[in-house]
Amino acid sequence: MILVSRRYKFSASHRLQSFLFSEQENREVFGKCNNPFGHGHNYEIEVSVRGEIDPGSGRVVDLARLDNLVTSTIVERYDHRYLNEELPEFKTEIPTTENLGRQIEKRLAEAWPSSFPGARPALARIRIFETERNMIEVDH
Amino acid sequence: MILVSRRYKFSASHRLQSFLFSEQENREVFGKCNNPFGHGHNYEIEVSVRGEIDPGSGRVVDLARLDNLVTSTIVERYDHRYLNEELPEFKTEIPTTENLGRQIEKRLAEAWPSSFPGARPALARIRIFETERNMIEVDH
Amino acid sequence: MILVSRRYKFSASHRLQSFLFSEQENREVFGKCNNPFGHGHNYEIEVSVRGEIDPGSGRVVDLARLDNLVTSTIVERYDHRYLNEELPEFKTEIPTTENLGRQIEKRLAEAWPSSFPGARPALARIRIFETERNMIEVDH
Amino acid sequence: MILVSRRYKFSASHRLQSFLFSEQENREVFGKCNNPFGHGHNYEIEVSVRGEIDPGSGRVVDLARLDNLVTSTIVERYDHRYLNEELPEFKTEIPTTENLGRQIEKRLAEAWPSSFPGARPALARIRIFETERNMIEVDH
Amino acid sequence: MILVSRRYKFSASHRLQSFLFSEQENREVFGKCNNPFGHGHNYEIEVSVRGEIDPGSGRVVDLARLDNLVTSTIVERYDHRYLNEELPEFKTEIPTTENLGRQIEKRLAEAWPSSFPGARPALARIRIFETERNMIEVDH
Amino acid sequence: MILVSRRYKFSASHRLQSFLFSEQENREVFGKCNNPFGHGHNYEIEVSVRGEIDPGSGRVVDLARLDNLVTSTIVERYDHRYLNEELPEFKTEIPTTENLGRQIEKRLAEAWPSSFPGARPALARIRIFETERNMIEVDH
């Protein structure tokens, strides 16, 4: 079994503001990330796929098919968006990198079978790099 | 004469929207960068200073003084801000990387003499990296 | 005047083999780069443009137009090619990074006026990164 | 137990062309990677070793010995080569990054005991970065 | 469960010199790393934390608290130090990256409960990048 | 004329301590960089050469010859050294990156004619990256 990973980029803005906190708690917990007008990042996501090498193509995953899936499901959804205002999933949860990771994992998992029947190859892991210093990782 | 460069980072969001264009022209010229809610970037700026080596310190520029100047004048001004809504200079001009560079150059030039009397060392150049692919450069 | 730079990537293979050298001289001068079947690189090119900020768009250069020009003239020409065998310009000169830089500069300069009449903005500089250690730079 | 990783680079060219596909299928599946003259990459491989810290040297693995093994077995074999034409293992399988990873893992595993008797430390994992966007990973 | 990673940097110098080896053996095993006056690196460490997303904050770990812990326990201890001469732990063991990793893991593990009671979230992994080519990884 | 640049790495340690300052002034000016036992960096230097393309080799500079010159003159001199204690030039001046740059420029300029008679190609510029944030540049 081999793990194949591929990276995609998008730029978006967000504001960290909890629905369960008071205004003062939000300022204390999130600091300048709670700034009312939001701020932005160049996000980089890494999608990892696990499977066996296909003897015909010599590949674990058809990269064109993976690109289509990730671009239509994730990149076009989040690129150049203000996550809090424009995405229904962030009307009820905070667009932290952790929640963004869980959303991306859930959306790719749902769309996976239509592109890769029988989960061959299988979705294995999502990583998001918010900046060069901060990364989250969700196993599927 | 030696050139000394130092990099600083900040995250901000912006929307590209010209005051001189119609709504349709804005959409045509700026595409998804014209998205009404803005989007964001991890900006990296490089400030370059030119001067002679001071025989006492062996340095061209006192980095602590430079850090104070750039942080108070630039980083604290733009970090975690939605440039269009929160900064007066972008009420009348578009927050493209080019205009941001001109603003940073103007603001550093104005504040320079209070930190570096006689322009020793001299402000030489500003670079802004908006993403890994896009850079602008303004000579002073 | 502001300098705006943008990077593009392509992968290609080449063989360093001089038409003016004997086989033995070629092996001595180019070493393993003279290997008869060629070898490859992930090339990264940086195209720099110099001009004034347009008051309407807030930009020095229309990036969509620049992308069209560089992609059609350079990236599509060299991407996934074996430079020695497939490009007429390298039938008579060696595809070193230096000659590749001169070719790219020449081709962009020729095509420039059709995309940017009156050289506004002007083509300023080409850089090629052959690996992380090796770079060449051609001023226009 | 500690995992120690070390990176090595080489440049090579390849052509993606399946022996099981027709010419037309090869063009459809591999696109420009099926270009008849091949193209190239700067490959970066990461070799990971797992073991306990030796009390004498304070190290998990003797890096000089690891360098000798990886350089003689892998780097000298693939550096500056056209994989399809010059390597017998790619006469019968396609030199995709996946197959290259399997070959590197197999060759290091075979040579390992002569450098590290008793598999102390043990070969743990091979990663190959074909470009900044694409990575494969093979556990041993 | 989500893994959250954050990177920190410090600069330090060290000398590789075993207490169990003769002078000649030290020179043979460590080469120029045994140079009597030491040499230095820009170290980058990555601290990874595993846990569930807190419904209030949308986060796995309070980054301000993590920063306080890692900075006070690790960065302030090792930054701008000559590890062999200034740190008691390296009076009796060699400051290789492996031993440095074990020290960092041990010190973070000891201090963890005071910042994160009940190990929520849990310390998961330490990585140290000594240079771009060399990395070690310690699981907790 | 084309500019060709090539990067080299070395690891060294230094202490910033002025011979013209009191102990207290040294602590105030240099802070933790004045730490009595020194600290270290992974230095990266970029040597740039300017010249015309040689019609025979298609190159501006013979890279093997440049490597020999820079390695023997600079890398072997400074790699794995404690600059203050082991290099005579830093007995009388502070090993700041600025002074290191001037030393490298002077030493390469002196050795240049023996490798490149008639200064063809010419030494053009030295850059030193002390960390990812700090860079100095000396024109020749």
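A, B, C, D, E and F label the chains in the order they appear, each numbered from 1.
Going forward, a contact is a pair of C-beta atoms (placed from the backbone, for glycine too) under 8 Å apart; a residue touches a chain by one contact, two chains touch by 3 or more.
These numbers come from a predicted model, not from an experiment.
Where touching is counted per the definition, the chains common to chain D and chain E are A.
Among the remaining chains, none touches chain C as well as chain D. The minimal number of chain-to-chain contact steps leading from chain B to chain D is 2.
Comparing mean CA positions across the assembly, the chain most remote from chain C is E. Note on D-E: across the candidates C-D, A-B or B-C, the interface recurring with over half of the contact pairs conserved by residue number is B-C. Relative orientation of chain A and chain F, expressed as the C-alpha superposition rotation angle, is 180° to the nearest 5.
Among the remaining chains, A is positioned farthest from chain F, on the basis of C-alpha centroids. Centre-to-centre, using mean CA coordinates, chain B is 29 Å away from chain F. Averaging Cα coordinates per chain places chain A and chain C 34 Å apart. Not a single residue position of chain C touches two or more of the other chains. Chain contacts here follow an irregular pattern that is not a line, a ring, a star or a complete set. According to the touch criterion at the top of this document, the contacting chain pairs are A-B, A-D, A-E, B-C, B-F, C-D, C-F, D-E, E-F.
Those residues of chain A lying in contact with chain D across their complex are 1-7, 53, 55-60, 62-64. Those residues of chain A lying in contact with chain E across their complex are 16, 18, 20-21, 29-31, 93-99, 101-102, 132-139. For chain B in complex with chain A, the residues that touch the partner chain are 9, 11-14, 32-33, 35, 37-42, 79-82, 85-86, 131.
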